[in-house]
Amino acid sequence: MKHRMVVLVALVLAYGAVPLLLGSMDYVMSLIIAALTIGGVALAWALLGNLGGLVSFGHAAFFGVGAYTSAILVVDHHWPVLLAMVAGGVGAAVASVATMPALRLRGPYFALAILAYGHIFRILAVEATSLTGGAAGMLSIPGFPTLLGINLASKTGAYALILTIVLLFAWLYGLIRRSTYGLALRAMHDSELATRVVGVPSTHLKAAMLVISAFMTGVVGAFNAHQINFLDPEYAFASSWTVLPIAAAIFGGYRTVWGPVLGALVVFLVDQLVFKELMPSGHQLVFGVLLGGMVILGPHGLLPLLGRWSKKEASHAGA
Amino acid sequence: MLELDAITMRFGGLTALHAMSLSVAEGETLGLVGPNGAGKTTLFNVISGVYAPSGGTIRFGGQDVGALPQWKRARVGIGRTFQIPQPMRELTVRENLRVAQRFGAGKEDPAALDEILDLLGLAHKQHADAATSLALTEQKALEVGKALAVRPRLLMLDEVLGGLEMATKRTFARTLETVRARFGLTMVIIEHDIETIKALCPRVVVLNFGQLIADGTPEAVFNDPQVIRSYTGDTPA
Amino acid sequence: MMKRFTSAVLSKRRALLACCAVGAVMMASPAMAAEFVLGSELPLTGKLARVGTGMSEGIAIAIDLANAKYAGQHHFSVQTIDDETNPAKAVAAVEKLASDHVVAITGGYGSNIIGPASEAAAKAGLVYMTSGGVAPELTQRGLDSFFRINNADGYGKAMVGLIETMGAKSVAILYSNKEATAAMATYVQKALTDKGIKITSHEFDDTTTDFKPIMNKVKLQDRPEVVAMIGYENDYIGILRAGAVLKPDVKAMVGVWSLATAQMNKEFHDQVQGVYGTSPLPYPVVFKGGEAQDFAAAYMNKYNREPDYLQQFGYVQTMLLIDAIARAHDNDGKIEAGEIARELRATTTPTMIGDVTFDKNGDNPNFTHRMGQHQGDRVELVWPANAATAKMNYPAVPW
Amino acid sequence: MLELILQALYSGLLAGGYYAMIALGLALVFGTMRIINLAHGELVLLAAYVAFEMERSFGWTPLASIPVALVVVGLTALVIYLLIGRIRQDRELNSLILTFGIAIVLTNLILMIWSADIRSTSNSWFMDGVVLGDTLFSMRGEVIFCVIGVLLLAATYWWLNHTWQGRALRAVASNRDAAKLMGVNPARIEALSFLVSGVLATFAGVAVYTASVVFPAVGHNLTIKAFVITVLAGMGSVPGVLLGAVLIGVGETLTTTLAKPSLQELTGMVIFLLILFLRPSGLFGRKGMVKK
């Protein structure tokens, strides 16, 4: 019951208070939107890592494919934007099928095979000029429509949209996690033999997580394309779409549902609002130090409070 | 129910099973004995799909299951335990059974889980962490429980009684008998303890160096000179 | 909107600075004096860090000289935010600048980043002035607050014009598959084909370091009279080194931006001899006009080296913007919405890079680049004839 | 056409020698510690910038700056090693993130110290053409560093197989615990492998500075290339590194010659994935990258 109240208050704050208080500050809203975008990818990445037991170093591949799929459908085939975004997710999911041979690779090899896919997709996007506009990219990609009287193209609208997307994904993640599929997936990490012998098709389940994670990443990529109204291969497949979410997820606690999203908000906003103010052009240095420090000190060492808090959150969500 | 025909299993230069043939009838309880390294566990691994045999066919319930992946063998009704218990870590006892039931049997049935937990004496521990908070007997019981949750027709127990105290062993053996009767199981049991074998199994086969060297009632088999020779001190026969 | 530049909305710190800097000035003409903060969104880190830094130096000189020029009337300063070569961060930077009430934006590098950033500026009602994006699409969007002093056509025209003057019959184009270079290659290829010149082209990617296989194709298969290189410094150096080794029988090596510069002449002296590239001014700079001379002097004073095209463009764009702001303010003591854009469209100023005017899309139709050639320790302007500082050496290759 | 292909093969071979030098350091650490040092390209780049600084400030030829670069890069490599040593859990994956962070720090430090301008040696001696049989062209610097690369590879190979340290290193690579029983201190051996990797990165960096151009963003490309070659090679195999490097080098130049230059990176990645899927243990690999 108490948990319900917390969720309710959080929702009211997220949908009500944030736009009311900050809605007029385009800059801050842009940063929050960008942070949630990274949070969405972080969530998808953590789903694959936590449930699938697969650490990917190339989620930018799915991000880019989702972005291009959606943008092309809208620009060339005049699909409605929101529908095209879902199609963007589907496109990324299809692309993930192409990466499935990598599933049989072990830890870092899987991570880096996916990275290679990201490079390949990027080069293909450069070369398929007639489809993607090549290196020049696509400018002025249509933005979001007005839905139920809310102009989604406005900062507040875009914020509400990405917030909804992230919440839906988190809900879906929670659902999978609590289901027997989630149990089996969690069990697979340490005890793959034990799960297979009772009939768990472990490789299929991992593949399914890859597809779902790619779908989520693709939708977020599509969101970003229509939010920034622009795409080029370099940007769509930028390694930062992989690195920032990983940093965010680990920072926030990638074993939890909310950790990655919170991590993204904290890491990105602190970096942009604090570090960048202090060191206008050297703040990436701080980010690098942060990334390294996190690994050495451990996520719960650097942010013990957040860590403990999100742990509690997880046990609530799991109950 | 289970028919093995000329099963051969090679690991590099080592042949663990030599063209072995064996059939187990429906409702039968078969004891599988033999010295260490005779190929007993390998046989289980071949039947349950951990290894693909180098040659031969495996038929189960009239169907050739040799090409089925491991997880599908569980679904057609082959349940097994491991000599070293393999609980699903990170999960509770009940969650272990839920996963086995959901994927092995195809659908969740809480009542059936309750019954299994009761039969195996795990009901009071059902929410305990499977990896860390179980005594050895309970770990063994969980091992059997997972196999049962799959709703198997054939249950293969790999030294499930091994390492237990004599008294516990007897109780556990009775539990297994109850379970067998309740679920109408066909069972294959790997066990070193002759008394337990005699109590549970009307039929016994003996493996040595990957070959079947005897097949019959416990009395006949354990008095077979070839078996005694092969067993060099390993059994008190 | 109107309050954007008044000291009332300035942060305390900046107001303090402004007071110190123009205190005397304000006393001299209290009625008209105003403090203007320009915003600048530029890549100072990431892939475009080099060019972004170059432009920001030009902007800094423009601010310094504008404060001298308008001494006693107005004071100008610039607030710069690094966009990290990232479109989303560029958009956020523009929004941040808007929320800090800058009067207009000067900066931007890379058409792909300028695109979304200038749209954000348009949404905030801010003029966006740049020289860092040459893609035709930028001025086809119908934004009336977007301005640029250069464009792909201008670069293309210069390259094509030079090759035409040479009378070459066949050209091999080597271009990087980046946004600006690919667009430029398309333009040049079409323009040269239209003039009946035989074209072969080779697209390479930016991780290419060994250009010998490409150059060998040029040497053995294409056998052109001229090689046109459309890329960046690292590409040029790679291509020229490959050329020096393979010695293809060509008459000229022509590049575009970032090639006919003082820095390239100094650092890669032998490797660039006789090579052409776009260049607004010769090197060492010989200035006829007072403004250009002032610029060069101020730059050398501040940074202790010769200015390149990046600084020159950054300076020109910012100075034009500052003049427009001053005009918009001075007619009635305040700036109305859209007034800076209107004043910019009224621009007919001769600048270091030639006459600049803006059409309704904010493009500068007069822009035609000049072509320079590395000749010894100098970069001489050799095209067009009316801007030439020396005769073109043709044929000439570094090897 | 034949002439083109021959030149492509020759260029590819030379490139292979120099790619091998870049990759070997990464492969060595990977072989001993199962760690992919994502800051390896930045170590190479650091050496290049040291060479640049020596040339700019003192007019030294790049070859003369190697000792200075050795000190700088060696120390940096040791710092990276010490930081990795502090990872408590899941070292294989966490080290990826840690070294990526280090890469960001190094790139930005290089940017702050030396700015984003492109740098390369102005010493034209290295750029002079060397012509073999009238048809095969190369720069002197390329030949020199290809030879140095192959010599370094041979030296490393010899060191691994014929010295006590090398054998200890291989022992740690194949079984850390068993190596301990043999009286080898794995931590010291791992530090040694990082140091040697720094030495290799130094030579590679000076080679890059001489035969090519550098700017701060190049480090990432170098890491990717080195990693691709390492995987092709299979678990820290020295001959594998050479073969993988030549394969990539020749693959790239042949792509340029027979198809489009812009596809050369694609060729590298496709070769990478093909080997990963078809020969998961690499060209010379012993142990698999595939789960059993």
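What to note about this one:
To keep things simple, chains are lettered A, B, C and D as they appear, and every chain counts its residues starting from 1.
Heads up, the rule we're going with is that a residue touches a chain if its C-beta (ideal position, glycine included) is under 8 Å from a C-beta of that chain, and two chains touch if they have at least 3 such contacts.
The chain lineup, named per UniProt: B = Amino acid/amide ABC transporter ATP-binding protein 1, HAAT family; D = Amino acid/amide ABC transporter membrane protein 1, HAAT family.
Everything quoted here is computed from the prediction, not taken from an experiment.
Looking at chain A and chain D, the chains that touch each of them are C. Between chain C and chain D, the least number of touching-chain steps is 1. Closest to the protein's overall CA centre, chain by chain, comes A. The most distant chain from chain A is B, comparing centres defined as mean Cα coordinates. A separation of 78 Å divides the Cα centre of chain B from that of chain C. Chain A and chain B, compared by their mean Cα positions, are separated by 45 Å. Here the spacing of chain B and chain D, counted between their Cα centres, is 52 Å.
If each chain is reduced to the centroid of its CA atoms, chain A and chain C end up 37 Å from each other.
Within chain D, residues 108, 262, 265 each touch two or more of the remaining chains. Within chain B, not a single residue touches two or more of the remaining chains. Multi-chain contact residues of chain C (touching two or more other chains): 45, 47, 177, 205. Under the stated contact rule, the graph of chain-to-chain touches falls outside the line, ring, star and complete shapes.
Under the contact rule defined at the top, the touching pairs of chains are A-B, A-C, A-D, C-D. Contact residues of chain D toward chain A in the complex are 34, 36, 83, 86-89, 92-98, 100-105, 108-109, 112, 220, 224, 227-228, 231, 262-263, 265-266, 269-270, 272-273, 276-277, 280, 288-291. Within the complex, the chain C residues that touch chain D are 45-47, 49-50, 53, 177, 202-205, 207-210, 212-214, 216-217, 220-221, 232-234, 237-238, 241, 244-247, 263, 267-271.
Chain A meets chain C in the complex at residues 25-27, 30-31, 34, 37, 123, 126, 134-137, 139-140, 224, 228-230, 232, 234-235, 238, 240, 272, 276, 280-282, 284. Residues of chain C that touch chain A in their complex: 44-45, 47, 80-82, 84, 86-89, 91-92, 95-96, 98-99, 111-112, 115-116, 119-120, 123-124, 135, 137-138, 141, 177-179, 181-183, 205.
Across the complex, chain D meets chain C through its residues 3-4, 7-8, 11, 15, 108, 111, 115-120, 122, 124, 127, 129-130, 137-139, 211-213, 215-217, 221, 252-253, 256-257, 260-262, 264-265.
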